[in-house]
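In the two complexes that follow, subunit A is the common piece, with subunit B as its partner first and subunit C second.
What follows is the complex of A and B.
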């Protein structure tokens, strides 16, 4: 997958794109020449874009081809879907593989001497962390979290951190939070180690980099639901399978960022180290790795965010903890209870992310001289500061134990389920239908389905397969090079070969429609936010929540508002993809050269004129990136759509897991990966020359 | 140059890494001596050693939650066990039961393929007897609609109402709403073989299906849905079954050619074989666990409608029905 798909599952509150150090930019896979255009100076970019588009050299021949092909397509009806003779049925071999695992896993040496030990090691580690967390008690854990945040990120974040943990307790979720935390600690540690090793290989050797890239791409784009089943078959329901699924999901960004960090190390510094006679290993340890610290830190941050976003999905295979509470609340259609378990996940994500962010920023900055630091900063500075942190936390923990309250006191909880349920019921009652003038949400949903989704789906499904291949090829060629076009065409053909042509086009139509809505809303919000710093500040927590709230929590309200079908699936996707689009677009609009704005203002341009003629054209690369991200993110939640009646590929993946049907789940998952490839290649922001 | 300070720290870090590596590899060496049997593994969240723990599987529907809640409550408060519950779909739950990750499934709706594989083949799962509740799957319309149009309750007349049951998702035909992908369903084949002008729309999850049904009921709209008894929702949205061609033995043997109603299934309990043999009081309690539809619905309603936590709902039921459960704990 292309560099821009890196943040497919990026749940991190900071805008995943446009971070200059490349958490998501094209540089991630180590090809600096593929940096996103956003990194270039805006004026040069503008000129480049204008030149390319005015020329239209590529458009003309394509238009000619289209004029020839479209009538042919109309004249040859009836052969729209991919021919069955060109498809391969994988259900036989995959079914047999599943049976073999079930029949052999209790006594085959591979399971007894390898998987068994992996599984036991996971159980032992999670247990160890869990026991420590419980022993520390709520006082100890909260104090330690607060002190670490203080040490890394300052007083404000320390207070936020303490408040977040207190909120987990207040919501009556202390024990599940600790279970999730224990699982996360182990999963993140494993992801970081695995990712760092892979990244080291990819950073040091070009061949390893080339070999690893497709593997990492697949790991990231394959929907987690698709590989939950193989994990369950091998490891059984429970924590080991959940941890390993989380590692598969969270390790790739760490690997990519490690490789990027190692590759981007300043050549001058390396040269100097070499001239001082450092060996290869010394250079790695003393120059390259320290220079890559920022990227490593960012990698850890990303791994944490992705692992947290798996907390709920992994509960489907028995991970326990907060995710399980959300999942069980969903079963009894209890939005309030689901929210009570979802909020701690959001809080953990926000706190961890902000702390890691601040710590990353401090890494770059030179330490303040002691005289300028505040008292607290001075006390906890230096190596002994860490010791002090731990000692203070232990003291608090011991105090808590002596007061005999290691579990959060039951009377200190705040039941939010009831009021939330009432609020949701009120909202759905009043918005569902019959709202004067605008109509109810159910009416919108029906219109959206009838006027947008249906025509799009029937249009795609009625188009002959070869014409679609040609179309995708042409779009790929317009967006990039013949190489992009070829990848896109091959990926689409692979969908046909897998034998899921028709449902894939159904999914494609839903994705396209949801992306369109996301972009319209996202651009509108972003234009507003870019004009006022206050609006942006107010928006940030909302966007954070949208991005990190587990989708299972808002499934029920979405269905209650839009009914069962493809419309609620689109709504859920929009909620998930909107924050990133808003962030990228806002950044892009704000980054527009103030001099250009100033000069147009002096020429008497109105606000709207400025927006249309200066800001939007200059922010074009950012807008293109936003389109690409919207596509990739919407595709990432196709599975969630399957849970509310979206049908097609998303439903097939869920069905595969629910029925233990390896073939259905994996094939649909692979088709989603292929769709991702097609859409990513076709929408990738055009590269300079 | 920032290299120098780091260089002085380099060897220290190296040594630390070597030490960590040594520790890790010795750990691996220690554990790698013997075979690791994954079927004898316990959950990392289980209570400390000494406590007797039973793990029960909860399926996603509330009836199953009710069984588990009451069983868990009695195991904990009457027999002194600690109970873990795991929520998993039905087929993966069989898998987990076979591996010993869960000790018992309390409500199974019939999985002949898994039964053959695990109960008769590998013998890792043992039958635990009837739950006492009979399950039935069928097609249902809301009672308010059935009262206005009494003939809708025969499948032969469904065609007349296809128009009124149309939705945005049903491709111009009538909508038959199906639920979670984990449930047993023949609806696609049924619609085809009975020649009905209906489209099966999959809600994708039971939560979505229930939400949609209640939304329809609020609007007093007609709908046709796959549903099952016993289910607490009947108490809130009364529904009437549509008669399908009568179920005959073997009429649903070929999934493609099904043209008859769903059978009535006495719901079954299944235990992990090792647990059934060595599980002591807990195993014998679970084998005796046997109650009625009314009992189950009472608990299910408290969970789903009054939003009581399952444990409290179970306690209320246990307080009210001592003679029933005394039989199981003896």
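What follows is the complex of A and C.
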């Protein structure tokens, strides 16, 4: 019957009466076409061209502005930094507010009846989980982790899981690992519940979505460090602040993905459910939520990874556990000890990510029929499998208790700090300087600082403040709408008003340098990888691991190689952001329509021509996204770099925390938020209006 | 009704209709504006002008028809003609803007939410173009989904679902997920799900458009078989003329939201109401649709006794075969009475599209 599927269109000359309707009909009915006629006068054509290309329309006024402003800037030297008269000194009021909170924490009703309860609940639940973990003993915890992994993902991941926990014990990090784990369990549970509720609201109601979306969007671009201080202000340094900072940091992705999943649920299925007479609640529970389960699982996965990342960083505000060990070790530049605590973090990250991933994949796949399952899979299948899993773990834990070894036996540890430190010392002696031809790593760091970071910093700081504002505004206009530009300019002005103009520009210089390096390296690697399937195969596992690692961990190898200072902070940022840039760019390049590439090839284009004329232009959205992500990620790590001598805003935050000088820290934190906003807005991948 | 209708005279109204649709409108657009359009001077504007002047789109315009008990009523039209909107209006998946609509004499538009759910659960079930199956459930649970919504116990609904799965020929696939099935199999699941509720009317929204031609044919046969076995009333939406002619007892041809012609396949092909319909059916092999009833002439002396006998509903193709075989005219016999004869001249006239002996034009 295919010949008659569209009987009319194939027959004869279709007169106006034959046009089906809609699109073609409108043209026939004499509606004027929106495109300018081909024979328009040249001036109109030019204007049409400018209007049609957003970039063209925007560049014109910008060019005019630049031509006017730059000479003025040169003629008016001296007024570079933000004028003191326009700044507001907040240290007094903030300090007083901080003092007030500290004074009233114990008896003001707000703290007594709200924050106090929240804080207690957090402490109690973390304690409870911690006690359970310790009571289960190393044998019980390892067995439970292994069995859950087995249930979700199969034997290989189960073995990886067991090996990872064993490694934590071997490195002598059992107790800190359990501390981190306990904190994470509570934080993840809370952020998943919170995120799911917010996501449900945003997924079901357009109004809630409109209200929540900008907030969630903004929260996602803010560096983790910015979340710490407000929590400390209210809860004081300690576990409650750490857990709540983690919850606030990890909930947005869950909320976003939940809302996305609910909104994207197949409309056809929902309609079918309605046609069968389902009530609103039935539709939500039996169709909409199950249809969104992949996104929900992805949200949980993201929440877990973000929580781990934050739980480690939150060591700065008293989270304890693995992050604290890294933090203490980095503070005394003890790379060996930092590594001993860093490895368990990485292992935890990898295991958690893989398990959550496998759980997500399992949701989509149909279960194998029993005959095709292996023995272990068959034993643990079905609803009883979970019960069996828990029972087996309890049995192992009980066995461990009876053998009286709930803590990891001290004789089984393998102290790596000492040999690692020896290796680092050797590196310091032999690789830092004086390596023939290439120079030493410290030389590189010094050169990067001297030739790139310093000129950039002094350049930025010498630029008049109003020119920077204008520049940011122009970039914002170029990237998005006037609203984007306004947000960016206001955020930058807020930095000036806060009185942290100079350190912020210091941070900015590090970010810009690191982003430039990241993009050059990332695009180069991606272009190479996009061309060769083998390179991609090799790259993928590396990228996978890199992307799961918490930001904090990247500081360890960088400190080992480059010592402390601004260059290592930038280097850590580059290493952290590089995998994401490579991945987004590679995927963008590979997603280019093969037909377009083929047609270029058939015209005899060279590889470079294909790249320049087809791949790069078509992958533009991916490239812009890569730039945006690079900026956001680099900023996050550059700030954390304050812990290893990066100075600037990150250092202010750390200093504020360390000395209880909340005013300094809060102002720096606010500046970080503003800087994050500025950087995100001016690199926003343009949304087609 | 402002659309010409020739079909109602052909089959005398026997039962009360299952669905009675009268002057139904669906106008998409800002609600306040949309409800005023059916009564306003805009009502007769062409689609594009209406959109330009009011910002509203009239998907269904003043549509009137009855669906009789036990018939397959086909609504046919090209994409954008409003047929899918129309079928959704019938169970108020899309809320109609104006007009009246009743099922078994009960006003559908006046139903409250609970009564409407009752209608959807028990009286009218729908089969969708893109199946609308729940990807995370097995075939059996998908078929049982409608019963689950009704609150049928797990054992009962699974038993009923298993029966339906067998009825549509999917035995052995009960534990598969929709993603593991072919398009045809998925639509069988959709069909079984609709049948499971034992509805009075089945509504099909282009159910086979997403399938490839061979499977489509197979599924049409399946629907024909089900209709033959159970005699369930069906409303069938399609853009495929062949499908409409094959399945439909009566066909409503829609264009720009209006019914241009409503009649039996033979009436649509044999006497198109206007040029649009004529163009539409131009390529249809007439001899396969037109019956001998419209190709016969009165018998003259002796012809009423001799020659092969044909039923009045036999198609011209069958008559050609009979005539060619015996070399003379064939008789058209209804319950032992000779209504007339068909000869080669009359049959060739049908194939060629010339006026038939009774004077009606077959085609332009």
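The working rule: the second predicted complex is superposed on the first by the 515 of 689 C-alpha atoms of A that agree within 3 Å, B and C clash if a C-alpha of one lies under 4 Å from a C-alpha of the other, contacts with A are read in each partner's own complex, and residues count from 1 in each chain.
The rule we apply is simple: a contact is a pair of C-beta atoms (placed from the backbone, for glycine too) under 8 Å apart; a residue touches a chain by one contact, two chains touch by 3 or more.
For clarity, every value in this text was computed on a predicted model and none was experimentally measured.
Chemist: Go through the superposed model and pick first if A:644 touches only subunit B, second if only subunit C, both, or neither.
Modeler: first
Chemist: Determine, under the contact definition given at the top, whether A:235 touches first (subunit B), second (subunit C), both, or neither.
Modeler: Once the two structures are laid over each other on A, A:235 reaches subunit B alone.
Chemist: Return first, second, both or neither, reflecting whether A:190 touches subunit B, subunit C, both chains, or no partner chain.
Modeler: neither
Chemist: Using the superposition on chain A described above, determine whether A:219 touches subunit B (first), subunit C (second), both, or neither.
Modeler: neither
Chemist: In the superposed arrangement, which partner chain does A:331 touch: subunit B (first), subunit C (second), both, or neither?
Modeler: Touch partner of A:331: subunit B, not subunit C.
Chemist: May I ask you to decide whether A:560 touches subunit B, subunit C, both, or neither, giving the answer as first, second, both or neither?
Modeler: Once the two structures are laid over each other on A, A:560 reaches subunit B alone.
Chemist: Applying the document's definition of touch, where does A:274 land relative to subunit B and subunit C: first, second, both, or neither?
Modeler: second
Chemist: Hey, is it subunit B or subunit C that touches more of subunit A?
Modeler: In the superposed model, B touches more residues of subunit A.
Chemist: If you stack the two complexes on chain A, which partner ends up touching A:293: first (subunit B), second (subunit C), both, or neither?
Modeler: In the superposition, A:293 contacts subunit C only.
Chemist: Which of the two partners, first being subunit B and second being subunit C, lies in contact with A:115: first, second, both, or neither?
Modeler: After superposition on chain A, A:115 lies in contact with subunit B alone.
Chemist: Would you mind listing the overlap between the subunit B footprint and the subunit C footprint on subunit A?
Modeler: After superposing on chain A, subunit A residues 269, 272-273, 276, 278, 282, 286-287, 290 contact both subunit B and subunit C.
Chemist: Under the touch definition given earlier, write down the residues of subunit A that touch subunit B in their complex.
Modeler: 102-103, 105-106, 109, 111-113, 115-117, 119-121, 123-124, 126-127, 130, 179, 182, 229, 232-233, 235-240, 269, 272-273, 276, 278, 282, 285-287, 290, 315-318, 320, 324, 327-328, 330-334, 336-337, 417-418, 421, 428-429, 432-433, 442, 445-446, 449-450, 454, 555-556, 559-560, 563-568, 641-647, 650-651, 654-655, 657-660
Chemist: Using the touch rule from the top, collect the residues of subunit B that touch subunit A in their complex.
Modeler: 1-3, 6-7, 10, 13-14, 27-28, 31-32, 35-39, 41-45, 58, 60-62, 65, 86-93, 95-96, 99, 101-102, 117, 122, 124, 167-169, 177, 180-182, 201-212, 215, 218-219, 303-304, 307
Chemist: In the complex, go through subunit C and note every residue touching subunit A.
Modeler: Subunit C residues touching subunit A: 46-49, 51-52, 78-81, 91, 93, 116-122, 125-126, 128-137, 145-146, 148-150, 175-177, 179-180, 190, 193, 197, 213, 216-217, 239-243, 255-256, 275-276, 279-284.
Chemist: Along subunit A, where are the residues that touch subunit C in the complex?
Modeler: Touching subunit C: residues 1-8, 11-12, 17-18, 20-22, 25-26, 29, 31, 266, 268-269, 271-279, 282, 286-287, 290-291, 293, 363, 366, 369 of subunit A.
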